[in-house]
Amino acid sequence: MVSPVLLIVIPLGLAFCVPLIGMVSKRFARFVPVVACLFNLVVSVQLLPAVLSKPIVVDLGGFGAPFSINLFVGPVGILFSLLIALAGFVVSLYALAYIDKGPTTRYHTLYLLLLVGATGVVLTGDVFNLFVFFEILCISSYVLVAYRGDKDGVESAVKYLIQGALGSALLLTGIGLLYGLFGTLNMAHIAVQAGSADPIPLFVAMALIVVGLGVEAAIFPLNAWLPDAHSSAPSSISAILSGIAIEVGLYAVVRMVFTVFGASSMLSFLMFLGVLTLLVGELCAFAQSNIKRMLAYSSIGQIGLIIFAIAIATSGSITGGFFQLVSHTLSKALLFLAAGYMIYRSGSMDISSLEGMGKRMPLTAFAFAVGAFSLVGLPPFAGFPSKLLIIRGALADGGALLALLVGLVLLGTVIEGAYFFRVIQTVFFKKGDGETARCEAPAIALVSMFVLVALIIVIGVYPSLIIGVLNSAASELLVRADYIGRVLG
Amino acid sequence: MSLELLMVVALGGSLLTYVLGRVSSRLRNGFAVLVSLALVAMVASLYGKALHVSYYEDFLGMSLVLRVSGLSWLFAMTASTLGCLSVVFSLSYMKGKERTSFYYSMLLLVNAAMLGVVLSGDLLSLFIFWEIMSWSTFLLISYNGGPALAAGMKYFVMSFVGSLAMLAGLLTVYGSFGTLEFGGVAAGMLSASPGYILAIFVLFGVAFGTKNAIWPFHAWLPPAHSEAPSPFSAILSGILIKMGVYGFLLIIFVLVGLRNFMALGADGLPLHTVLSIVGAITILFPTFMAIMQNDAKKLLAWSTVAQAGYIILGISFGTSLSVAGGVFHFVNHAVFKALLFMVVGTVEYRTKGVRDLDSLGGLIKKMPLTFAVALIGVCGLIGVPLTNGFVSKWLIYKTLILERSPFLALVALFGTWGTILYSYKFLHNIFLGQLPEKYKDLERAPMTMRLPMTVLSIVVVLFGVLPGIPLSVINSIDTSFGLKPLNVTLWGLASDTGALNTINILAAVFAGLLIVWLVLKSGGRKVSVDQADNYAAGAAIPKDKYQYSVGFYAPLTRMVAPYLKDFMDSFYMRLAGWVGGLGSGIRRIYTGYVGDYAMYIVLFLAALIFVQLTWSPW
Amino acid sequence: MRSIAIIILLAIVAVGIGVALMAIPFGVAKTQVGDHYTESGIGDTGASNIVTSVVVGYRAFDTLGEITILFVAAMGLGAVLAGGRKLGQRRDVEPASLILRTGCRFLFPLLLLFGAYIFIHGHLTPGGGFQGGAVIASAFLLVYLSCPGRRVSKVWSQTTESLGALTFVVLGLVGLTVGGHYYLSSFMPHGVVNELFSAGIIPVIYVAIGLKVGSDLTGIIDGMMEETI
Amino acid sequence: MRILWLVLSPLIALAVGLFFLGLSRRVMARIHWRYGPPLYQPLIEIFRYFTQKGSSHGVLFGLGIVLSLAGSIVVILFLPFGGICSMSGSGGMLVVLYMMLLAPLGIALSGGEAANPNASIGISRKLMLALGYELPFLLIVLAIMTHYDTISLVDIVSAQRETASAFASFPLVLSGIAYLLILPAMLGMRPFEVVHAPQEISSGPIAEYSGPYLGLVTIQHALTTFIGISLFVNLVWGGAGNPFVFFLKMLVVLAFGLFVNAAFPRLRVEQAVRYLWRWPTLIAFVGLILVVTLGR
Amino acid sequence: MSFLQDYVYYIGAFGLVLIGLFIILSRRNLIKVIIGLSILDTGINLFLISVGYISKGTAPIFSKPGLVAEDMVDPVPQALVLTSIVIGVAVLALALALAMRLHKLHGTLDLRKIGELKW
């Protein structure tokens, strides 16, 4: 069996190779991320059965559990790494055609490093190591947002950087407090002691960490960077940021709250926060006329939904939350990719400039529609089973409060449906005034989009394909003792 | 005939139609007709069977089931027949339009989804097909662009609210009973508390009511029906919105059970009374709206809302007579409303898209057959004896009077008079009066349009003269609901409290016609004169001006228009405006100044710490 | 107004953190992990500098991430600045004074040597790859200051950067295959403590890190200079 | 016997109707201080029309009037006429209400095809006016049907004969008054004459008829008058045990109509509808509420 | 007084942190904000170091015989600080580079005036 550490190390090594290869030939350098993601995909799939039967704990350096950094490759980790590899693979395929100007070698290196950072965050079992990988993820995304070097890109990158750096500083302070309190950085080790610790310092540490991670996770008051960054980045990067980066941030928050702190009393608050995030995101998206900004706000809404689902903290709802996460990654990536070429061809990000795109680029527009349908949660697309699971989970215990929140969530979904369908109408049914010549996206970009389309439909029709992973991921989050026991032996 | 095969043919046919459309449009058209015909045949062969198949064992732990019962057979049959006729009608209607492959494929998809809805054996697959139906309908409504976009949007949002309510309802049901199969749910409902049943009923009722466009959920229907392509309007009005009726029948009689249903609600105001009052409002208000319309399809659309009210009124009484009336009226409405939409479609097709009632007229000379079928359709709509609409309305009225609900009966009967007004306006302004000059060279409707219209008009008369044919099917549905069977004869209904015998009426009418015709024949000679050769008190008859159609009911309109505000619609529009305004307001927190953003972060942190230090809730 | 709000918020945060700090007494030994490192660090890694043994031994994976971050920063700086650069656009700058130039010429090799010393002795004395790399970068900074026209070869600096990082990665992989089957396990002999050739892979890694950090920082300086010149 | 009545009742209705037409012309003339035509004048006119040439505007032109007249005949077959009802048990009052639609509808269709705006205006007025009186009329009919708990006209009549006529029994008296108030509108008499308004729109719907067609229209008019009055007598005045009494009752009602006809000027259609929806509707509504609340 | 003595490092460290935060929140010049971030980082680094401090401890290096493990300060925070510094440098360099570009594109460093992306 391959070691899961390769999931991080091999892409990292390849990323370091990219500049070298780029010196020889820029054309070859483009393919490195594709190869790396493919590798990760294969390894993740290969690891999957073993992980599902028993989580793998990888000791780095071989000094024993609390002393050396360890990777915890449980169902959650493997789920995320699969997702990252998959989205990364598709988007890197897309980028082969889409990224044709500027310092492309640097783009591909940074892109790969972003994915490495994300993979590291989800696999690591050490708080500080998480911070380090988190920084890799963040810093490379700052750069990639500004990749085109235009006015908007740089502006949003600066704003993103300031907020991100502030968040990281708070996170680091929190980690420092944790170390001061417990004298260890290992998550499981902290988790063991967290129960007996003084509640107020523990809470302050948790608040700092959750706020710090929440900036990247786009929880409601902390998400002001997101619409700017996601809308000004190149579309391939928007896809990855929306599809991977914020989910990874969310993973970190969830891991902290559930596993490290075991803070079950925070969950109802998180639930409210999730619904609030959802409503704010959807309402803002509803008022947008810029397509990418709309998609960005919609990501905020979706994240809110996922937080809501996970914070309910029943096995069913967490499964639903993870399912939503998967479907959001696939659909939002697809939406950004499709929108990317439509914007590229029409030359404007205004929704009204997409008129007639259904005729000019039918396949791309079709892919966009599938993404939108899935995100809104219509059958038979992947978003449907996820919404079903979440609401089933939320309604299962029959509380009036949860029912009310579910009502608000459904309201948000309606708003979401409204603005997505408005775009679909514009794309397909509004008569464009100008160009009518066909200008389909390049083949490689279409291939990448249709991989996602196929996945969305297949998962939508056969949700049982992934439900096993999601179920064990949910139980990993819920059963802290398992995690601790597995790491500390 | 297995149900899975039926669904595979329906769904696969839709997909394949699109693919074939890429190859050749003739092939595609033929294939589409073939598929829809095959569906009719397959559904017909299911008659009287009771099948129950689980086609998807484990969808997130729930099993999906297809089943056929008497009720679902009736709906499936109506749906597939109308679908087939609509496809045939489309053959010429859609000629030369763009994106026809998309159109046909969506039409078949809607058809398939409707079959799925009525053949579902559990609530989840009902919901899945319901949603597929909703979004494919949205795409078809939006198909024409322009004003259709707003119509589509309104449809989608309202229908989406409905289906999400249904989702919440069905998941609550799942949470309490652990199953979604109709049988299991019904068993669970037997012991459920009335408050619980009421909540479930309301959640489902919103979904079904929205689809069925009963007041106050009607706002989407008029624009959607008028802006959709006409063959699809026929489906939309004829069968698609009746999925709501199916839903109501399902939940009242199959899931909740009639006895539970009648016991729901407060003592003074039981739920079924509320439902029938809603039905009455749905009759009254849209009827007057229809009278005031100047767009042929909008007129028909409002009329659809009003007729839906009759159906709800019938169902809500829950007696064997009223349910039979409601269900029969559904079938009849499907037939004659589809027919009338096709008539408008034909006119629209020949006049290149004109459906403004103020600018048409006199087409009877150019399209006699179309006029004849339109007349039959209108008679059905009004409920003239010897057409199908009469029988079903008779059943409903009779229930209302015998159940001592004279006010509801008043509304229903008065609604019929309103129906006459707008139906006549429809007929007169399109077909009667003077023919405008520009339509002098109008051709007759093409064969593929005349065929489905003729078929439907034959059905209108057939069911009117021999109501026993459909009523025996409906009677079996009634008995399957546990209602007292009716004494159905081929010619109508035998009963102590006033029988219906269409043979008597038929004989009387024929006798009357014969006598009068003979009298007329015996009179002096008759000469045919030109249509425009009118009595004009010696004045010359101006071309194109000798027509009274603008403001046909102007005095009445002047009188009632101030009281006829569609305030539900304006309420929804204002609500949408509020949501937009709220969005624009909220997004202002993203001020663009990064200092503020950093402030939010610190503020959030400080708030967390402050709350914990002061109240320590966590 | 805004300032007052900020001060209130910060006061709340300060109070919160202050309360938390009450639970972390200052100057008292309290960590299990740290104690373990000082107790058995030499035995485990063979480095007499325990900080080094933590940085490159126990928590070497962090360090891998760390150099990645530097790599990202250097790359990113190039990408950001390359985005808006117009080719051939260069201002003339006046040359540095003679004293600066001469001084730099003397100092440059010495600084390089000193930097190399620091990272080679990272496992024995205070210092290590990062510190050494920074010193090396300062040597190049001096060159830039004294001779504004002179540039470091991009190819070389990038190659060093990549190779340095790759060495780290590959060493870890070798550890995975030969020694102990742990990634980054110390598979080379530990040798005698406090001698130069000791502590297994730590010096090798530190050398690689030193070179890499040196070229990274140089690259950053180079990018900045290029923008300003 | 039944077959005989089937044949006879339309003829009787025609005779009575024509007599009423002649009578009303005569009475009106006397009120106007004129002599007026003889009582059999309508019959003479009908014969004259049938011998004249008629011009047709199309198939529907003839078909519509035939339909209309046939509808009226069917209604007559369903109406009890002094204890005689040729066709009971075929749907009762509901069928009557519906068959009464056919007459105006047929005229409307055939008049519509004639493409004369005057006809269209007349039809639109007729339909609006009908909507106006239909509301109180339905309230009245429903009150009666609810009160006697049947939809069969024969049952209603016999129920009234067992006790008192609807007019005289307490909850129904309001309905009866309302019926009186709307009766002129149902009969198309002044002040509700706006449909035909000969001076204004050349007799409205029948502007285009000539020859045999006009003859049929006149017959139709006679039958309509008969139906309107006999419905009144049946519904609220208890019908009659034999045709003769029935005929007398009808005469009284007609006299009342003529009195109103002579006394009031013509109303515009809006005014008419407004009137109909005000007092008669209110009274009929109260009547219906009383019936429902008091029960039988 | 002993409180001050006991906690002077913490107070100093968090003093820097708060100053840094105040600068970030209140200044509108990008360079100043970056300086604020830098001060914030420094404060946190100081805090990390002081967490690991043991009164009268020695550096954790066995450079000469006679040193005992018990006397040494905690090495872990030092390693963390090393990482943290490097991250700080990376962010700082990137921030400055972005600031340069921003100035070139917008002609100003006043963050209030750089608000085209909003709502």
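As written, the chains take the letters A, B, C, D and E, and residue 1 is the first residue of each chain.
Going forward, a residue touches a chain if its C-beta (ideal position, glycine included) is under 8 Å from a C-beta of that chain, and two chains touch if they have at least 3 such contacts.
Quick caveat: nothing in here was measured; it's all calculated off a predicted structure.
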Set of chains adjacent to subunit B and to subunit D: none
Lowest number of touching-chain links that must be crossed from subunit B to subunit E: 1
Most distant chain from subunit D, judged by the mean position of its C-alpha atoms: C
Geometric centre distance via CA averages, subunit E-subunit D, whole Å: 99
Subunit A-subunit D separation of Cα centroids, rounded to whole Å: 77
Centroid distance [mean C-alpha coordinates] between subunit D and subunit C, Å: 106
For subunit C paired with subunit E, centre-to-centre distance based on mean C-alpha positions, whole Å: 16
Junction residues of subunit D - those touching two or more other chains: none
Subunit B: positions in contact with at least two other chains: 584, 587, 590, 594, 598-599, 602-603, 605, 609, 612-613
Overlap residues in subunit E, where contacts from two or more other chains coincide: 21, 24-26, 33, 51-52, 74, 76-77, 83, 87, 90-91, 94, 98, 101, 105, 116-117, 119
Every chain pair in contact, whichever chains are involved: A-B, A-C, A-E, B-C, B-D, B-E, C-E
Residue ranges of subunit C in contact with subunit A within the complex: 16-17, 19-24, 30-34, 36-37, 44, 57-62, 64-66, 68-69, 71-73, 75-76, 78-80, 82-84, 155, 158-159, 161-163, 165-166, 169-170, 172-173, 176, 180-186
Complex contacts: residues of subunit B adjacent to subunit D: 362, 364-365, 368, 371, 375, 382-385, 390, 394, 397-398, 401-402, 404, 406-407, 409-410, 413-414, 417-418, 420-421, 424-425, 427-428, 431-435, 492, 497-501, 504-505, 508-509, 511-513, 515-517, 519-520, 522-529, 531-537, 546-549, 552-553, 555-556, 558-559
Footprint of subunit E on subunit A - complex, ascending: 128, 132, 135, 139, 142-143, 146, 149-152, 154-159, 161-162, 165-166, 168-169, 172-173, 175-176, 179-180, 183, 185, 227-228, 231-232, 284, 287
Contacting residues of subunit C [partner subunit E, same complex]: 2-3, 6-7, 9-10, 13-14, 17-18, 21, 24-29, 31, 33-35, 37-39, 41-42, 48-51, 53-55, 59, 62-63, 65-67, 69-70, 72-74, 76-77, 80-81, 83-84, 124-126, 128, 130, 193-194, 217, 220, 223-224, 227-228
Of all residues in subunit C, those that touch subunit B in their complex: 5-6, 9-10, 12-13, 15-16, 19
